[in-house]
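Down below are the structures I want you to see.
Heads up, the next two complexes both have chain A, just with different partners, chain B and then chain C.
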Partner chain A sequence: MAAPVNSVGKTSADRLQVNCTSFQKKTRSKLISIPGTRPSVQNGQLLVSTGVTSLDYLLGGGLAVGTVLLIEEDRFDSYSRMILKYFLAEGVVCRHELFVATAQDNPDEILQELPAPILDDVAVPKPVEQPRLTGEPQDSLDAMKIAWRYQNLPKVQSALASSSRFGHYYDVSKTMEVEIRQAAKCHRFYLPDHITPSSAAHRVESYSALLKSLQEVIHREGFDLATPMSKTRNILRVGLHSLGSALWGDDLCCHDKPRHSHALTTFLYGLRALLRSSLSVAVVTLPSHLIQDRALMGNITRLCDNAIALESFKGSERETNPLYKDYHGLLYVRQVPHLNCLARQLPDHKDLAFKLKRKQFTIERLHLPPDLSETVSRVSRGEPVVVASACGSSASGTKNLDF
Partner chain B sequence: MFTELNSILNTSPDSFTRGEFILVSDRQSDASFLIHHFLSFYLRARCKVCFLGLAQSFCHYSAVSQRLGVSLTQAKEKGQLVFFEGLKECLSVLTPKENNVESEAMNFLRDPPVGLRSLYEFVRSSVIGSGSMEEGAEQWGPSVLLVDDLSVLLSLGVDVGAVLDFSHYCRALVCSQVQGNMVMLVRCNGEEDDDDDDDDDDDGDVGSDVLLKGLTHQCNLNLHVQGLPTGYCKDIHGQMEVCWKRRQSDAPHMQKNLFQYKVYDKGASFFARGTSSAVL
Partner chain C sequence: MLSELLQGIESGGFLIIRDSCRYSGRDLLKSFITAALNREEVIHILCFDVSEEELKDGLKPSDTQRLHIHNAYSDPLGWTGHPNFTVQQFSLEDLTNLVKQTSQPKPAVLVIDSLSWILRHKTPPAVCQTLQQLRKGGAVRAVIGLLHTDMHQRGTVGSVCHLATSLISVAPGVKGKEAVARVTKRTKSGKVMQDEGIFCIAEDFTVTILSKPSHAEHKTNSTEEEQTDPTANLTFNLRLSDSELEAKQKLTLPFVFSKEKKTALLHPGPGSGRILYEPDAYDDYDQEDPDDDLDV
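Right after this comes the complex of A and B.
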């Protein structure tokens, strides 16, 4: 299960088995807190932020540690890649470790495109490591000129608690500075480095190579829940880009009836097993619009805990549709998890749309614009015509009455 | 244990029919809350339970059962529950290490055509094998096998025929030989009458539909969970169809009942169609 944070220490003795995946405080005085996480108010799960605050709200407060978020890519992989970058950027800001795996672009390219955080209390790393993300008072107060009051709030909070603020905002027009990015430890998996694309092993072994590499990183860096609790714990954020595409050696996207249709689902099962037994969280993007088999998408969705699908308006006729003029695309929630409880936190509304602004990625309920009746619009557009014809004709109808 | 479901099914932990195969199925919905119900039901009935938890980790089942009033860790210590955690065992096969022993029961992951014979051997050893070992152990009731869920096996590459064989072997062992009960969960996608015309397209979905049809034929009681036909509703989570197959009477007839349900934190409530508390 995703690790819960239980504040009652009475049953810790019998629940803290080696094969149990929960972690909680051993003694009543010591509180295990990892920066960048917070316990869920609904069921005590440990949550991390995805980097997009409206997506956090949609997922029930955040992404639970030990779970997988599946993002079905939009047609040109623009917004799903953006969400992946938000997720990784949030990991850098919260001082989590990153694991990025791609088959198409080099992981360094994705890391260089991470958006810059909008904060004054993100500590620029100095040679001496700061234990908390408190900002120095002389750090730039000029990041926000108008809403400067909101900048002061985290400073007050961070003086009391050891963990930083949950969820940050990013400016997508700028990329993250190199010093901030290089302070975070990042593990890379670039598929052509491990398996040559033309070899026979490529077809079935690319996923198992990825799984072994991920397990090795988890074990070596100490994210396993089985390792002793004495050292400080951290979260590993795993970002897997475009799984299931042809570059991973899979023919899911090429054929109607793929031959190794269970390679990806077996990998997702192994990924769930790895995540449930370690302090990590994964975001997987998948080009689902290329997969013809809808039943296979159902299997894939069930093997991931959270699943959303993006549909962008770019290039389609909806781009110029006045109904959708405020939004960049639609967002569908395919699945919400129920972890350690019977009931799921179902979303209130299922018709959601998203918009990528410079400083925020917002997800809102899709609102149709108000339906203006014909007569109202005709009067507002007809007034210059009325002025022009008043001198010409004597009586032009009742709508020309002046009061 | 959901008390309303017990009254619908006319069972209680003190008296339930033995030798039954209960199939829990769903279509584009999630029926795993029923598995939690049966797990706590049979543990309260003091049966010896063998649980194949393939979909989630042990702590998930343990946390939910805690809310339903049953402790899985205690049951495991007392020997009442044999728990097979699929997620943990699969890692030993998928990412093998030199000094770790591979789990025998999951060796179909390495080689799917092998089938589920080793998994069946595990079930057999836990249902039969431990009966005569300890003299001082408590006497438990009839053995029960719970599987959550069979569709995971299909996703891992096992053939539909192999899964049907596995369920048949288990039924012969648990229901006929030992006179215990068996509960299995199967999950399907898609619409029911989708592949009349396009037989070549939905090859994947045909697998789980074939499995569902085969198991429905074998079972005594089928609980089929679906979403509401009229759309998404936050207050009513779906509908459940209860279908009995009576073998005792001369004219075998099927009795079907339809209920709507809502899942809460500590249980679920079932009501007749249209009588939800949100509506009345």
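Right after this comes the complex of A and C.
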């Protein structure tokens, strides 16, 4: 289970006894407060901010320490990379340690692109400007003759916000200054440095190398829960970019029936076990639009605790749809965990859309107007699913090659 | 955007031309080769799909010293004892050696005639890793590849195209020699630009870009649906005539406040304990004190 707040202060002897029974004596132990974390109001878990305050709200206040957040990438990997950068930037600002693993670009490239924090005061953005009815002068109060008391209220309540925000805001147009970035300790894992690719690999070795490296960092830097409480504790933020893509040596995204279908799932199982026994939190991005096997995608989602999916409008026919003109894409919450409790805290609104503004990544409820026209044409929900054919590896392309 | 790509690919770029059996992308590939030769660049071509003569057909003969064609068509799998270039040699070290052999000062552009051939004989992850290393290393300046999308599974095509910085998908056009190209370009900063255009290739492999395709027609058809009027087709009358509309506007509502009172209520200032009294039409507001005539 994820690290609850009061077990951080216990010695290892006490914790061994606790594992035999589920009874936990409530001791008034000194609560070690780690900067950048806070206990959850719902179930007492230790939470960290993801860097995006609306995403924190969707996940129930923040990301619980010891859990994994899976982000299914959008088609061009622009917004998922942005969320990963927000996560790492939040770690730098809260003085946590970072661990970045990539196979495509050097981790230093991602670290150099981190957005600059807006550090003037406790981050309180300007209140949401009331959307006025368009084309109406400001001082004319005849807009609503009868219900004029409601004139200044917004038409729809679309912004997601909780009463207590924790987390910082970032300016996307500027990159983080070098001094701030270098003050944070960062561990890197760049796959070509560790593995020489061989084409006749019987096992995918990249994942085990990554897991070993992460375990070694956790043990050496003292993030294990089992180490004695000699020094101040800190959180390790793990960012894994584009796991499962072909550059990791995995054919999950390439074939309809991958040969090494268990490599990634075994890795995620091991990752979660490692995180549960240490003070770390992980964000994993995955190019799920390339994975054709839906059952495998379901397995991967279940093996991670939190899962969201991003769908960007760029390049699809939804880009010109007038319903979506204010937003950059849709966001789906696939899974929210229930840690040490019976019920999940799912967001009440299922249609969510996101927009990347300069100073904020906002996630809002998508309000579709009622469709009064006679020909009710619903917006098509994504591409049609390609059914995998039974005979061999067929090419699913145009119909001209069917025999 | 197609013309910008023809004028030059940025260093470290990877361009993929996706075609299908309906329209072959080889002519467009040869236009890219011609344009690069005109810019005095050194080009190495790995020729798997067609023979060397067929590939050289149409290219100007004077540029042959900057153009190096490696014939992998005659013996790609090394069945004879002495193959020229086999598919197993598609790896970082072998390709780097191959490109360095010509000993030119500038790094070369590598053109792969088709990636589909390599993908049939090597695993897609290995091919992707080699392509990524070629881009990152300094041996070649840019890579251009031709990919036949109907020869592979969707995941394979998607994985290889995920690595590309520029992607051109070609399809046959409406009239004779025209074709439609959909171009997607990703910049280093993460911006994605998309464009679509009709082009036509001449005999000497110069590309003329014609107008944009008329997708606007489809869009206007769908948005021209008439807004249905809910007040039509009813057994009672919901519409207002002009005189009725005038009378409605003139009607004074019972709780009409003046403008100052409305602003005061909408934007409450400090000390909002003011009493604003406005006499109604029926109120008998007499300034004189009516209790004056009481004898108390």
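Just so we're on the same page, the second predicted complex is superposed on the first by the 293 of 403 C-alpha atoms of A that agree within 3 Å, B and C clash if a C-alpha of one lies under 4 Å from a C-alpha of the other, contacts with A are read in each partner's own complex, and residues count from 1 in each chain.
Keep in mind that, in the parts below, a contact is a pair of C-beta atoms (placed from the backbone, for glycine too) under 8 Å apart; a residue touches a chain by one contact, two chains touch by 3 or more.
These numbers come from a predicted model, not from an experiment.
Trainee: Going by the contact rule set out at the top, does A:Leu342 touch chain B (first), chain C (second), both, or neither?
Mentor: first
Trainee: After the superposition on A, what does A:Asp256 contact: first (chain B), second (chain C), both or neither?
Mentor: Touch status of A:Asp256: both partners.
Trainee: Which partner does A:Val41 reach: the first (chain B), the second (chain C), both, or neither?
Mentor: Touch status of A:Val41: no partner.
Trainee: Tell me which partner A:Leu323 touches in the superposition: chain B (first), chain C (second), both or neither.
Mentor: neither
Trainee: Which of the two partners, first being chain B and second being chain C, lies in contact with A:Gln292: first, second, both, or neither?
Mentor: both
Trainee: Mind working out whether A:Lys350 is in touch with chain B, chain C, both or neither, as first, second, both or neither?
Mentor: first
Trainee: Give one of first, second, both or neither to describe whether A:Ala273 is in contact with chain B, with chain C, with both, or with none.
Mentor: Touch status of A:Ala273: first partner only.
Trainee: Which partner does A:Ala226 contact after superposing on A: first (chain B), second (chain C), both, neither?
Mentor: Touch status of A:Ala226: no partner.
Trainee: For chain A, which residues lie in the overlap of the chain B contacts and the chain C contacts?
Mentor: On chain A, the residues that contact chain B in one structure and chain C in the other are 256, 292.
Trainee: Give every residue of chain B touching chain A within the complex, in rising order.
Mentor: 28, 30, 32-33, 36, 56-60, 62-64, 67, 73, 85, 87-88, 90-91, 94-95, 109, 112, 151-152, 154-157, 187, 189-190, 200-205, 207-208, 232, 234, 237, 263-268
Trainee: Note which residues of chain A are touching chain C in the complex, please.
Mentor: Going through chain A, the ones touching chain C are 76-78, 81-82, 104, 141, 145-146, 148-149, 151-152, 192, 197-199, 245-251, 253-256, 287, 289-292, 314-315, 320, 372-375, 377, 386, 393-398, 400-401.
Trainee: Note which residues of chain A are touching chain B in the complex, please.
Mentor: It is residues 1, 4, 14-15, 17, 19-22, 208, 211-212, 215, 256-257, 261-262, 265-266, 269-270, 272-274, 276-277, 292-296, 298-299, 302-303, 338-344, 346, 348, 350 of chain A that touch chain B.
Trainee: Which stretch or stretches of chain C touch chain A in the complex?
Mentor: Checking each residue of chain C against chain A gives 20-22, 91, 122-126, 128-130, 132-133, 149-156, 158-160, 162-163, 184, 186, 190-192, 194, 219, 222, 225, 227-228, 230, 253, 259, 262-263, 265-266.
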